[in-house]
Every structure is written in C-alpha cells, then in structure tokens.
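Both of the next two complexes hold subunit A, though its partner changes from subunit B to subunit C.
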Partner chain A sequence: MDSVDQYVARADALYHDVSYRSVAEWKTRTGKKAAGHLPVYAPREIIDAAGMLPVAMHGAGDQVEIIRGDAYFQSYICQLPRSTIELAMSGRLDDIDAFLFPSTCDVIRNLSGMWKMLFPKKFVRYLDLPQNFDRKVAGRFWAGELRHLYADLCALNGTTPSDDALRLSLARFSANRRAVASLMALRASEPWRAPAAEAYLIIRAGDVMPVEEHTAFIEGYLAAAQGADRPMRDYTRVVVTGAFCEQPPLELIRTLERAGCYLVWDDFTVGARFLEGDVSLAGDPIEALAQAFLNQSVKNACVYEPDGKKGEWLVNTVRDTRADGVVFAAPSFCDPALLEQPMLVTALERAGIPHTSFKYAENLGQFQVIREQAGTFSDGLRLWSNA
Partner chain B sequence: MILTIGIDVGSSAVKAAVVASPRNSGRTRESSKIVATHTERVRRRDQRHVIELAFDEALKAAGITREKLGYIATTGEGELVEFRTGHFYGMTAHARGALFLDPAARAVVDVGALHARAIVMDEHARVLSYRMTSQCASGSGQFLENVARYLGVTLDEVGPLSLTSAKPEKVSGICAVLAETDVINMVSRGIALADILKGIHESMAGRFAKLLKLMDLAPGTVLVTGGLAADEGLTACIQDALGKTKLSGQTVKTNPLSVHAGAIGAALWGAFRSERLASRPTVASPALAAV
Partner chain C sequence: MSTEQSAAVKEPSMLQQKEMIAEHFRELSRTGETKKKVVYTFVPGNLTELLLAFDVLPVHPEINALQSAMRQKAGAYIGEAERIGHSEDVCTYVKCDIGMKRLGNVGPTGEVLPKPDLLLLSYTGCFTFMKWFELLRQEYDCPVVMLHTPYQGDGEITPTMTQYMVEQIRQQVIPALEKLTGKSFDEERLRELMRLSARAEDDMVAVLESAKHKPSPIDAYFGGVYYIGPMFTAFRGTQGAVDYYAQLRRECNQRIAAGEGPITPEGTSPKERFRLIVEGPPNWTHFREFWKMFHDEGAVVVASTYTKVGGTYDLGFRHDPTNPLESLAQYCMGCYTNRNLPQRLDMIVKYADEYSADGLLINSVKSCNSFSAGQLMLLREFERRTGKPGGFIETDLVDARYFSAANVKNRIESYLQMIVQKRTAGAASVDLAAAASLVRSLPVINQGGAA
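Right, the complex of A and B next:
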C-alpha cells in the first residue's frame, strides 16, 4: 500500500498537469480518443461506454497567464472560460478530441458556440440539461439527447453502441461515486484524517484518470489516510458552497483549513458526485441514466428548483454533517452561485445557522483577507455559539 | 484545574503563557492563575525552532510536562505550530488577555512589530469591532525599534526618555520612510533625543487614537498590549491623543504582563474550548467500513 504522501503526490502532479500529458499518454497506450467536458455535470458514463476517456476540464487555475483568453470576454465574465480558451489557443487541449459544454450558465453555453468557430475540426456538443424534472417530458427528452450523444461519440471513436458497454460504465461510475461518498463521509466524521486540500486533490485526480483506476485510487488513499497518525484539532466544522464550477485555488482551500475551519462538506467538483447513489442496471441503461439525472441529482445552482428546496437541502446538509456554519465561496461574476445565495442565506437565517461569504477567482494569489475572515468566523463560532 | 498554554507567534518574538484555570468556569475564568510566561526573541532564527524553544522554556518555568496540558492554543502566526490544539485570531486572543489583566478594559491597542490594531470589546471579551493600521510600517513597533537603533538608544530607554521631553518635534504620521527622513534631519539639526522620541510617540499615538475614534468606544480602560506595551512614553502619548478626540471617559493603561496578553488570552480560550470539546461526542466513520 502506498503512503498518504504518495497518493497526494500523484494527485498533485495530475492537478498541475494543465497540458493534459496524462491524457496523451493514455491515448498512446490505448489507441482510443478522449472527450473533455466543462463543469458542472456531464454524463461521463456515455463517454466511457463509447470507449473514450472522460476528461473533466476545470480551467487552468493559477498556473497559466491569461493573455489570449482575455480578448474573448468582457471584464464582468468569470475566469474559467478565459483560462479554458487560453489552454486551447496555446495547444494544451490538442489531445482532446471531443468537447461537451453542459448548460451550466450562459457563459459556458456561449463557449460551445465559440468553440465551434475556433476549432471547427473538433467534435463539439452543447448539452442542454433538462430544467423541467417531469419524468415523462424531461425523461424522454434527456434520454433522446443521451442516445444521440452516445451514437455520435461511438462513431467518432470507431466503436459500436452496446447496452452491455453502457451497463458496465454505469456500474463503474456507481462504484466511483460510492468511493467519493466514502471520502466525503470521512471528511464529515473525522476531517483531520483527510485534510480538505488533500481530499480535493484525490477527487480531482478523477478528472483525467480512467474511472476504475480512480476508484481504486480513492480506496487506496482512504486506507492510507485511516492509518495515518494525524491529530484532531479544535477547528470549526463548516460547509462550503458556491464553488461548484470555477474551482478555488488549492491554496485557498488550505487557507480555510489553516484558519481553523474543517470543511465537512463542500461542492468543489460536485460534478463527480452529481448523481447520488447507484444508477439502476435494470432495463434500458440510457433510460436509467436519464432517470437518475431527474431523480438522483444533487441540488445545485445550475439546476432549476421551483419550490425553494435548495435552502432546505443546504440546512439539512449542515445538520447531517454536524456543521457549525456555512461559508459561501463563490467565483467572482458567477451568476448561478451569486444569484442563488440570497435564497440560501434566507434559509440559513431562518434555521439560525451562521454564515459568512467571500468571492474568489481561480487565479487568486492573495489569501490574507480570506484567512482573517475565515479565522474570525471560526473564532466566533467556537467561542460564542454552541459549537 | 486545567493547565493550558498560549503561544503568541509574532514576527519579532514568540511569547508563551501557561495558565491554570478552575474547571467549569465558562468563558469568564476570573480566578485563573498565570503559572509562567516566557518570551523568546526571533533574532533571524528559524521561527519554528524559536516556537519550540518558547514552548519548552514556558513549560520548564511552570514545572510541568507537555502531557499535563489540556490545550495548546496559538495566536498570531501560530498556524506554524504543528502541535497546536487550536488557533485563535489576534483580536480574539488580545481581547481575552486584556480583560483578564484589567477587568475594566473595554478596548485594546495592540502594538506589534509589524502593525497595530485597536479592538473594542464587551465585558465578556467579545470583540465588537476592530481596526488595523494600514500596511505602512510607521505605526509599528519595528519602526520604533529601527529609529531607536539609529539614535543609539535601547528600547527600554525610549519610554523614560520620551517622558522627559518638553518640546516634542513633529514627525510624519503617514509614511515610515518619510518619518525616518524626518528623524535624520532632526539629528542633523541637533534636536534632543527626548524630543525626537516623543515626536515619534505622538505620531504613532495619533494613528491609534484615530483607529479608536472610528469605533463605538465606551468609557473604560484602554489597555495597551503587544511588544510596545511596556513603553510608558507611548502609553502617555496615547492618553494625550485620545484627549484630543471627542472620546471621553477612557483611561489608557498598561500592565507588566501586557506583552503576553495575546498568549494569556489564547490560553484562557483554550481552557474554555478544552472543556467544551470534552463534552462533545466522538464520531466514528461508518462510511469507511464500506470501502
């Protein structure tokens, strides 16, 4: 068994590989193609079943200077599309053969159009995720979209569509979500055993790893973390929400924990666990995946919810994880996260749950203000609440 | 009794305080006793090494071993302390320490090596508001230490000399570079050391009074804490500066243990948290069994 440090070192190397060298190596090794997708949710099972490597693309973080990317966006647009364009224009995405753009927000939707014009030889698909959750209407629509996508990706990769291949992929991703859920459960119960930045890297490794390899990777890390001698500290337990698309810098996650906050739940890379629980292997696998999206998806700002249940869901998440408060961490100019925040704040205040908020960009380099804010929030909770 | 230690990691010195607190005394801990204190200057040494030294020396002075401690609390840059139980932010720790040293304290002026901050609190040491000096060094202890070095006086001599000044010379209150230029000019003009030092004290005190004035400050004691708390010349100037504002009913004081206020406050909060944590259930991780 590898040590915690070895797992983290491997995940860290993949995190910093913004040229996707590991994807190129996988393609050379297997002779197959890779399909990238932007946050938040994309049906990775379909990509996997088509014999392709699903690649979750989360921008360039703070690792690439944005020069060309800025030319395509106004100043009031978030950082993620800028760095994604920068990566593509600098040739770092050349090894990715297909690009999926889910309907997370207007910016990502428009990015799909820009991609078609900028890279006409690449396979580009806009994923119009259902916002109507009626089983019959949305189920038929989404299953149809998934069937088209599967057929097109199989054609691109030179494979034959097959229900057996789909079921195998559904099972692989269900196993992966169980492993991710175990890691999240460890974070919720004994967060000192798996520091937030470490757990984040371990989950992010799944952005580029084949799914079955990633599942074994998480399980190995969990076993190593369980055996590691790490002291419990007197930290506040917080839920972090709002960071589901453009990702916070790794140092920001470390800063939050160093400032005295155990992150017992977060929505970083929530796309990796967008579906809760296993997808049924009975019946038509495409139908099963479509129904899982309608019935088993997490509450998230990029999914329409007509009856205000997201607030209730956040309150329940706080209670389930025994969190002392909530930190709203949203990317600057992130419409979905920031527009939803007042509704969530109302729900928290009704429930008497303390909260604080700040904004970030993926390339943020100064953390002192956030450190002070998180630290004083933690002090306030530990000393003046029932925490 | 619960024995706790507070470690205040500053940029020029690490302060440690061992405190013994009666059990079940909640947040107040009025009858807590300071068992030992220790200050270790950093002096260009590795800060982690200095932290270990301060910790060991404080324990030695208290006559206890590490195992006897119920909580190792840090403040300042205490995130460097890997063996800590918990960390408290500077204003939280200084407010608590100040209230312990002077129960009438309702505000704190914490003058550290790199910056200063004013804290307003209630009678339970709950921080109500705080303000910090801006990034410029002219309101900091390091600035005063530099000037003292240029003038050839020790920090211990600065306060008494300042108190003897009859005609303080005005110094720039905005910029450390300009202030240092002012000082050089004053030396070349033959201005007395006492007048230069008091001018610097007045400049610093004016900045602190402005910070306090920005907050809703109730009558009571303003306790000076941090590395410059022992400088009675500075304390006197802060009192004068406050008198020139519209604030009233504040008495500026210091305490022989003021330099340790952050460490004492952290240790006291540590005792409170130690009891709180003991009452919390330990939760196992059922999910791990599934992997």
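Right, the complex of A and C next:
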C-alpha cells in the first residue's frame, strides 16, 4: 500500500498539470478522445459511456499568468473564464476534443458561445440542466438532451451507443460517489486524519483520472489516511460554502486550517458528488440518469429550489457534521454564490448558527487578511461554545 | 423649432403611453377593492396574453427598478439591500427591488404596490431571474411557478425544447393561474389577445425599421426604450397597445415625410451625423444626460439590442393565435438574451448593413452578466466582419456609483472621432485607389532604364 504522502504527491502532480499531459497520455494509450466540462455538474457518465475521458475543468487557479484571457472579459467578471480562455489560447487544451458548458451561470453560458466562435473545429455543447423539477415534464426534456449528447459523443469518438455501456458507466460513477462520500465522512468525523487541502487534492484527481482508477485511488488514500498517525488539534469545526465553481487557491484552503478551522464539509468539489447515492441500474439508463438529477441532486446555488426550503440543507449539514459555524467563501462577482448567500444567511440566523464571509479569486496571492478573519471567527466560535 | 419649444412637445403617442401606465398603476393600487390578483413576472419571456386571459395584473420588477433609478430613488434602495447583506457584486436591479420592498414598496407613481399573489418565474435568458424570485419568495412567502425557457445554446429551437415549454405552460403555469383565480383557462380568449398582439407587433416593427431611413425619424435606443414599453410589459394583447403602436407609426411616418429626426428631451435631433448600433442596456440613473451626450454630437442610434430583450419581432416573430401555446414558447425562446453569442453577433452584423450604421457602441453594464460576458468578443468579431469601428463604454443600470459622466462622454467623443477618421481614411483610400487606377491607365513611358 502506498503512503498518504505518495497519494498526495500523485494528486498534487495532477492538480498542477494545467497542460493536461495526463489526458494526452491517456489518449495515446487508448486511442480515444477526451471531453472536458466546466463546473458544476455535467453528466460524466454519458462521456464515459461514449468511451471518452471525462475531464472536469476548473480554470487554471493561480498557476498560469493571464496574458490573453483578460482581453476577453471586463474587470467585473469572475476569474475562471479568463484562465480557461488563457489555457485554450495557449494550446494547453488542444488535447481536449469536446467541451461541455453546463448552465451554471450566464458567464459559463456565454463562454459556450465564445468557444463556438473561437474554436469552430471543436465539439461544443451547452448543457441546459432542467430548472423545472417536475419528474415527467423535465424528465422527458433532460432525457432527450442526454440522448442527443450521447449519440453525438459516440459519433465523435467512433463508438456504438449501447445501454450496457451506459449501465456500466452509471455503476462506475455510483461507486466513485460512494468513495467520495466515505472521504467526506472521514473529514466530518476525524478531520485531522484527512486535512482539507489533502482531501481536496485527492478528489480533484478525479478531474482527469478515469473513473474506476480514481475510485481505487480514493479507497487507497482512505486506507492510508486512516492508518496514519496524525494528532488531533483543538480546532473549531466549520462548513465552507459558496466555492463550488471557481476554486479557491490551495493555499487558501490551507490558510483556513492554519487559522484553526477544521473544514468538516465544503462544496469545493461538489460537482463530483452532485448526485447523491447510486443511480438506478433498472430500466432505461438515460431515463435513470435524468431522474437521478431531478430527484437525487444536491442543493446548490446554480439550480432552482422548487420547495422553497432555502438553506434547510445547510442547517442540516451543520448539524450532521457537528460544525460550529459556516464560512461563506465565494469567488468575487459570482452571481450564483453571491445571490444565494443572503438566503442562506437567513436560514442560519433562524437556526442560530454563526457565520462569516469573504470573497476570493482563484489567483489570489495574499492570505493574511483571510487568515486573520478566519482566526477571529474560530476564536469567537470557541468562546461561543464555551459560553 | 427651438430646443426649448420642442422639448416641451409631447406627441400624442407619448401621452397615450403615459395614461396607459398610470391606469395600470391605478388598477394595481385598487386591488384591495377589486380583488384582482397580482402576478410578478419578468419582461423577457413574459406571458402577458396568458395572464390577461385570466384577468390578473402583471408587475415587472425590472421596470420598477429602472423607474426608481429615473426618479433618483435607486441609491437608497440599493444601499438598503447592501446593508442587509446583499453583495456589491450582483445585479443592481435585484438590490433596487429588494431595497424598495424593504422601504415600503412604493411604486413609480408614488402608490404602494400590492404584494404578489403568485411569482411567475419566466426564466428566460438570465440566471439572476431565478435567484431574484427565490429571494422574493422569501420576502413575500408566496407561491412560485417556474417556467424554464431553454437557451438556444446551439443557435436553434429544437422540437424537444418547444415540447418542454408547452408542457410546462399547459401542465404547470395554466393550472397555477386557474388555482389562483378560480377561473378555467379560456383558450379562445387567449387567441383573441394574441391576435391583437400580432397587430401591434406589426406596427412596432415598422416603427423600429423606420430607422433605416436617412435621417432616422427615431432613436432606437433611448427613444426605443419608450417605444417597446407597452409591448414588453402589461399591455401586449390589449386594444390600447394596438392603438398606441398605430399612432406611433403614424407619427414616425409624419417625421419621415417631413425629413425630421428623432424627438429627444432636448428637442428634435440636430442634423444626423452618426448612425450607431448600441448593444447592452442603458444606464437609467443618468438617462437624460446619457442621451444628451449622443444628441449633442448628432449621433442617432438606429438599431439596438436592448429593444429586443422582450422579443425579436424584427426577425419575424409574431404571436400566432392559431397555435397559442407553441407560439408563446417560441416567443420566450427567441428573446435576445436567450440567443447564443454567435446569433447575437449575426443580428448586430445584419443591423450594421440594413441600417447603414457607422459602427457598434457597446454599453457594458456591470450588473448584467447575461449581456456583458462575451461583449468584448462581440466587439472584436463585429469589427472583423464589418470593417466598421466598435466602441466600448462601461456603466451600470441603476447604480449611480458606476456612472462616470466625464469618462463616458470622453469615450463617446473618442469613438465618434474614430468614425470620422475612418471615414476620412476611407475617403482617402478611395482617392488612393482612384489615383492608383489612374496611374495604371497612364501610357507607359519608360519601363526599365535599359529599354
């Protein structure tokens, strides 16, 4: 069995591979194509079943200097689309054959149109996730969209559509979500065993790893982490939310922990666990995946909440993870996260849950202010719980 | 006609519109007695005919927000929303609306607006709409019905998209309205309203297209926002809207016949020096000042994209009473911000040609990612495809903090200067070409020294 450090080193190398060399190697090895998608949710099962490598793209973080990307966006638009354009214009995305743009927000939506104009030879698809959650009406629509996508990706990759291939992919991703859930559970129960930045890297490795390999990778890491001797610290326990699309720099995640906060739950990589539980293998696999989105998806700012119980999930998450408070961490200018925040705050305040908030950009380089803020919050929580 | 005199001129259509709006707000203020139900909904993808078929009164929060800005109330409202935790980064329409509600919900006519009995979330072309009504649901604790309009990601409307919309309208929106009003859906009534819509739409398109004349009898951006008013809000499908657009069309025709330019708050436009296309919403806090910057330079907007957010009638769409629900679905999906970026570019390029425009000016508003994300690319592609110059200014919708008059004026002036230079260069290059052809046609006297 590899050590924790070995797992983390591998995940760290993949995280820093902004030229997607691992994708190019996979393509050479298999002779197949790769399909990238932007945050938050994309039906990766469909890509996998078409025999392609699903690649979750999260911008370039703080790893690439933006030279061309800024010329495409005004100063009041978040960072993620600039770094994504930068990666593409600098040839780093050349190995990605298809690009899927989910309906996360209007920036990603419009980026899909820009992509069509900038890269006319690439396969580009906007994924209009249903915002109506009626099982029949939206189910029919979303299943139709998924079928269309599956047929087109199969054609692109030269594979034959098949229900068996789809079922195999559904099963693979269900297994992967179970592994991710186990890692999240460890974070909630014994956060010192799987520090936030480390767990983050392990999950992010699934951005580019084939799904079965990633599931085994998480399981291996979990076994190693559970056996590792790591001290428990007197940290407060916090839930972090708002960071589901443009990602915080790794150093920011470390900063929060160094400031005395165990991150017992976060939505950094929520795209990898957007569906909760297994997708049914009975019946038509595309219908099953469509229904899973309608009935088993997490609550997130980028999708509509038909029941009006805004923030109930957050209050429950705080209770389930025995968190002391909530940190709202949102990318600057992020419509979904920032428009959602006041509603979540209302729910937390009704439940008497303390919270703090800050904004970041993926290429933030200074963490002192956030460290002080998180430290003060953590100290306050400690006083609060002792009072 | 002096500026002072003409500034005071109110054409009959203006008075007509003013009275329509006043009556609508009077009706809203009387709902306590009339027991009419009130439905809040958005301008893009609005189902006005369907709402009117149920005799409910629509309220459009964007309109309230922009009216608040024109009345210089938006600053206080936005401040209130930010004070209670709304981010400075998000759309100011939302904050203006929430702030207005928190500070008493006094509408544009000074009367308190009634609460919504239903929020019809016509989710068309803008992500913020969804959050906006989630926020209002929390404020008012009232039901919401979602109508998800699929986006034209691939630049087309597919049968699956239409079916999805029709099913939502039939199975969710109509039952919600039936429940709200206690009335059954009367398809015949809807058809009748849609027939009236189509008549008004014909006249409105004629008005917008009158800008193809030189000089243009209208300003299709600043003036345009008035012209689209009844069509985009509570009046489509009414006889009032039919009469309004017929009158407006007559007035345009009269100005064309008289060779007159648009009527502006400063008077009839002076000589038309520039013909522009404008992309993006206007700034409302300094609307008149902004317009004046164009007026002073003789710049007339001959086509704008903002006047297509509530429907792209100029591209041929008409409400079709023979197929009412499908037609409502097509209408929603065709709205400007529900079209993908390549479609938006195609429209603008087409305008450049059809309206003989000198160039494209983008007013990029901080609030609106739906419009703004990708505009720099639109600008570049427009220049590449048409060879005409593009200009870029940045303001906001209803937040005066983001309107720097000096800056905007400077940018507009430099942009117009660029057009002049381009014209001069164009003329010069024509001269050069003529000179070159003259040189080519001259007899060869000495070709090569050795000959």
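In this text, the second predicted complex is superposed on the first by the 382 of 387 C-alpha atoms of A that agree within 3 Å, B and C clash if a C-alpha of one lies under 4 Å from a C-alpha of the other, contacts with A are read in each partner's own complex, and residues count from 1 in each chain.
Here is the rule we go by: contacts are C-beta pairs under 8 Å (C-beta built on N, C-alpha and C of every residue); 3 or more make two chains touch, one makes a residue touch a chain.
These numbers come from a predicted model, not from an experiment.
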{"item": "Partners on subunit A (subunit B, subunit C) - clash or fit", "value": "fit"}
{"item": "Winner by number of subunit A residues touched, once subunit B and subunit C are compared", "value": "C"}
{"item": "First (subunit B), second (subunit C), both or neither touched by A:T346", "value": "second"}
{"item": "Which of subunit B and subunit C A:R258 touches, first, second, both or neither", "value": "first"}
{"item": "Partner chain in contact with A:A223 - subunit B first, subunit C second, else both or neither", "value": "first"}
{"item": "Partner chain in contact with A:R382 - subunit B first, subunit C second, else both or neither", "value": "first"}
{"item": "First (subunit B), second (subunit C), both or neither touched by A:D234", "value": "first"}
{"item": "First, second, both or neither for A:A179, with subunit B first and subunit C second", "value": "first"}
{"item": "Angle, in degrees and to the nearest 10, that opens at subunit A between the C-alpha centres of subunit B and subunit C", "value": "100"}
{"item": "Closest Cα approach, subunit C to subunit B, once both complexes are overlaid on chain A (Å)", "value": "21"}
{"item": "Subunit A residues contacted in one complex by subunit B, in the other by subunit C", "value": "none"}
{"item": "List of subunit A residues in touch with subunit B within their complex", "value": "178-179, 181-182, 184-186, 189-190, 193, 219, 222-223, 226, 231, 233-235, 258-260, 322, 372, 375-376, 379, 382-384, 387"}
{"item": "Subunit A residues touching subunit C - in the complex, by the definition given at the top", "value": "71-74, 76-77, 81, 101, 103, 105-107, 109-114, 116-118, 125-128, 130-132, 134, 136-138, 140-141, 144-145, 148, 301, 304-306, 308, 310, 330, 332-336, 338-343, 345-346, 359"}
{"item": "Residues of subunit C touching subunit A in the complex", "value": "84-87, 89-91, 94, 121, 123, 126-128, 130-132, 134-135, 137-138, 144, 146-148, 150-151, 153-154, 160-161, 163-164, 167-168, 171-172, 340-342, 344-345, 364, 366, 369-370, 372-377, 381, 394"}
{"item": "Subunit A contact footprint on subunit B (complex, rising order)", "value": "27, 71, 79, 83-89, 91-92, 126-127, 269, 272-273, 276-277, 283-288, 290-291"}
